[in-house]
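Read from first to last, the chains carry the letters A, B, C, D, E and F; within each, the first residue is number 1.
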């Protein structure tokens, strides 16, 4: 029940509490009332049922992948 | 605007102010609130827009036709 | 017995008496006599029986203001169309004939296609039953017609009251026939030798209500029934008056029409309606010739409940309805007839109702591609 | 970068590390390890990637109570169906998944076909927009879902309030995941070697909310994302714990999940909802595991606005949903599976939502006519 | 599906082309329409053709109500297309049937309709060899609409065409007029009339095949559906440039139909028929054709209703009184009037 | 009619079979579909037939919305039936078209749809030779429904049939999957997605005729409409008793289609296509057929997507990871999910 779609922020309207995100080349307006942090274009959000539920830490994603490369090369 | 259909009374309900009339072999319930006279099965009514607007005097119809026969034979 | 009245053999025999009499009258007048029927149902009956073609040359029959659709003012038609257009939440109840009547820019049929709710009823009683069965809907019944119909519509208001319905109202465009005939007969240009009076209107009003036709205007008149024999009898009785130089208002429909008419119907009409000045197409304002609901029934008066304003609009350009209804011309003399104005795309209201003077003429007596010559054969 | 997470080449390479590790764990346990995912979207992702077949023999993946449709009590489902059936004047707003869920005698899809108004929304925000755009309609939004979804539904109530809408309300069947996992893990019959925790629920609740899995029940747990690499990573991290004899609640989804979760979402949930005792299918009453609207929002609470009573009805005869959701059996062990119970005519709710344990199993891992043997090829 | 009491109506999902559609086809269409050529799981049906002239005709059926005295929309959909082929001088062979069903329609009613189609096909000796089913939402159809398309071979002896009409030809109909249109109207409008009018809905192809074989003087046939006798006669007159002269007194109309149409301000000449057709035949064969229809086909109300005269495409009705009036195409569907 | 500004919509009277119906036919249908065989005032159209095998197919089109990126209901109705004939190995010749129109539908839209049909027919070299028009009241249809029926001759060289499928055969598609179904869904649901997906709606008959001439190894074709690739492959598998093994990595799906379906929780393999078809071809011709499609027909996304194996009527998808999952028939139309 928790289909989440990652999307890259391309426009932010804090006053009206929405952002436009792009996922797989498609743009969609989503609510950002649940997001505490500041948002700027280029940020990534996880979207569920029309609302962003969290900001994606791309640095973490990178670290994660690097970790795998290490493990895989360890053999 | 005054299409009238003659019909023969087959059932009368004075209390609820309706009668069932038969015209050309077809029966239909009509309102009789506009009819002052007593109605009995066998009477003929002229019906317009769902209401009887008058009782047909069959004696008059007969006289009328007889008159024509006289005129036509007069020649 | 009533079947005998439509027996074609009897009809043909009467015709054989009628034609010589008509010729005699024509000889006296120096032209065929012109009779006008002032009931749309007469117009239809004449057209469907082919009577006009059978009398052609010896007697001319013309259609007067006998179709309530045709005489309804353009502004009134625009009002109900505007109401249907503006209020898709209402159910407009109407007799079938009003559906295709053209207003200035639209019709009920057009508005229904655009989302208006229009229901066809055979009787106003059915409209009340519909309202009772659809308490969430608001039914506005379009009251059109003469003295024959007005009592039935009055009874529908009575029924709505006694059932305590709050969702039924009537938009009354009812009109009275004697009033407009006074205007018609006062027209100095009118050349009518006799009037065929509306048998079912007279059933309500009584024969006496039309005495003025002969007493005041010296025009022969006969109250007529609707069977072919009835109509020929009326023509016969009119011709007899012409030949003998009399002018009386004769009851040719005594099996139904009484001297005083239907008192109960007249009382009910009086209780629910009051005479008001109204516009008639082709006649203009005719004082006291319309029937509006009495004030004490304003809860059931759609004119009060749902007032609509429409800008005054000129009658359709070129439509000669007025002259047709006054018997000054026949439909085919109208420049629009069968060209811009057809039953499919009526310009004027006389082309709309099947009993309208122009529609009956178009449907039964005239054809686009055919000649008019030999249709009597 | 995110694309890299679904790179099949990377996936295959990880798989080549994962399988030997799983074999090692299986050797230690004396049987393949059994991991349970408790998120329907994990169920789907595993099924669609074919991961289960790739790990067959060395690791077993089972579906827990992760599909909100599947865990919704029969009585609750009957309630919304009864409401839809009784009140054709309401618009029942719902996520697509609820449409075909069978109640005791009907479903929303069936009731829609019988005249109920059912609208599918992608977001509760759309339901509010719909209510605002249809002021004559009354919208009841079916709030189903866990901590991921509940804040969005809370925001829809907030939006309705701030727009002063009187025609929007929510029927809240929301539930909380940690509460039911406590019950699940307390079951002495349960034989689960590790839990794959729902990444998006944890995004809201935070990783710490699930610490009890390892601290109280000594079961290894990993918060997982939804890409194939994420899932393999979760399995890898669980296997590592098993092999090293540890039990921790590890965050395998750090790019999104924080220790404390999303505080704003948690606050909003707290402001609008209060924990209540609710029935879970297969688990019975789970104290304080449901989310009802706070009393001060009762104007927006469909349970208050449109109360429905339904007679208690036994769960579908023979449906083993409870045991499937507890991981005690796999779907194909249910005697009704694929016989009386198919996605077309689901008997139990696990067969309804595409992410339901039985439906995913049916759709992706099993076939009526085919053998199950060689599908790994 | 049929066995579960809560699965008694058509759902949108039955039209999605998936498993439910598959079941619907199996349980209803394939079951009732069973024949060697029909296999609705392929994209098209295949049949063998011979050299010659083929006729094809299509019609959509949207009748309300779907069940009426004397028939139903299924019977109508089969008869309608068969009859269009029949009056064109063709021997109908195969039909296709495409359904648009409103969500919520009871399977019980659907089954009755399909069974009725199958039965009518059997009577007429045709087969339904391809079909389609779509389901639309509530308020996007009125219960069920059916489009049938039919193909058949032109009968070698038939020689029908507007250009053959000439003065002196006789005009026949095979029975009473107006029943179908009136039966439908009475079902639809709650007019409170206590009278049962039965639709004349029937397949005509077996009869037309026989009469075409025997009467080479038949020059044109037309089934008198929408618009009734008047509209169809006018269409033929306009297309052929001759005039029709019909006799009011000769027109076969049942008393009850006469009565009710009068009551409602309708004209039976504009009401639809579904088992009646008009025949224009050379004068010398008219009498024998009429006898044949009445005696060999029990068409006891078959009548000669008029003749063809040189003209300009008009239709005239000789009234009972001896007058004449014109019949034009219908302008607007017949509505109950009070005028 | 078109010239009067207040006569811009279809009325019930346009369907009554009278004068307005006549005008509607003249002003729109006969005008756009003009050809020697079409004369909708007769009951049936007549054409010459040759000895051989004929194919016939019918479909009702009820698409909502009636205009969508890449097409409209008229184009769809022509392509749909042409393609059913085409994939059956037939050369489509003639179509019939039957319309059910909702009262109030704008003539301007009707004209666009009819013009689009005429244009698509021209492109595909077929003619509409018979038709029908009905008008229903508001709320009894959704704008307009069209049923087309097509007939054509089986190409002499074509030899298609389930029974020919055998292990080792290759499975091809002629381009990207899911566009039509998604284009429609995006028009219908106000999902606020800023992306234009274009329907692939196109007639295939010219292409299929050519490939059937050249590649005798073609054993089966199927247009991938309702239910998409998955449902149609499953139907074929069940009918032929072999298994399909498809490669997830080989399936051509546009990035934007992939993205949006993921966003909405949909599966592109279950979305309808209207210009895509599946081909089962003998292994030895697969390579050359693919090259021919890509180069001579600019079908740049044509792909070999899998092969046939002995089995029991299943469809397997080899996942990108190397796993396998089964594809079954669609059960319930695709709906946006949040799960």
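Here, a contact is a pair of C-beta atoms (placed from the backbone, for glycine too) under 8 Å apart; a residue touches a chain by one contact, two chains touch by 3 or more.
For reference, the UniProt names are A, B = HypC/HybG/HupF family hydrogenase formation chaperone; C, D = Hydrogenase formation protein HypD; E, F = Hydrogenase expression/formation protein HypE.
Not measured: the values here are computed from a predicted model.
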item: Chains contacting each of chain C and chain F, listed by label; value: E
item: Set of chains whose contacts include both chain C and chain B; value: E
item: Length of the shortest touching-chain route, chain B through to chain E; value: 1
item: Greatest separation from chain F - chain, by CA centre; value: B
item: Dominant interface by contact count, named by its two chains; value: E-F
item: Chain separated most widely from chain D, comparing mean CA positions; value: B
item: Geometric centre distance via CA averages, chain D-chain B, whole Å; value: 75
item: Chain centre separation in whole Å, for chain F relative to chain E (CA means); value: 31
item: For chain B paired with chain F, centre-to-centre distance based on mean C-alpha positions, whole Å; value: 63
item: Interface hub residues of chain D, defined as touching at least two other chains; value: 40-41, 67-69, 95, 97, 100, 109, 122-123, 126, 145, 149, 343-344, 353, 355
item: Chain B: positions in contact with at least two other chains; value: 1-3, 48-49
item: Residues of chain E engaged with two or more neighbouring chains; value: 12-13, 19-20, 191, 265, 328, 331-332, 337-339
item: Chain-to-chain touches, reported pairwise for every pair that qualifies; value: A-D, A-F, B-C, B-E, C-E, C-F, D-E, D-F, E-F
item: Contact footprint of chain B on chain E as seen in their complex; value: 191-195, 255-256, 258-260, 262-263, 265, 337-339
item: In the complex with chain E, residue positions of chain C that touch it; value: 8, 11-12, 15, 40-41, 44, 47-54, 67-69, 95-97, 99-100, 109, 120, 122-123, 126, 145, 149, 228, 342-344, 353-355, 362-367, 369-371, 375-377
item: Chain F contact footprint on chain A (complex, rising order); value: 1-3, 5, 20, 23-29, 48-49
item: Chain F residues touching chain C - in the complex, by the definition given at the top; value: 1, 4, 6-7, 9-13, 19-20, 23, 103-104, 138
item: For the chain E and chain C complex, residues of the former touching the latter; value: 189-191, 238, 243, 249, 264-265, 311-314, 316-326, 328, 331-332, 335-339
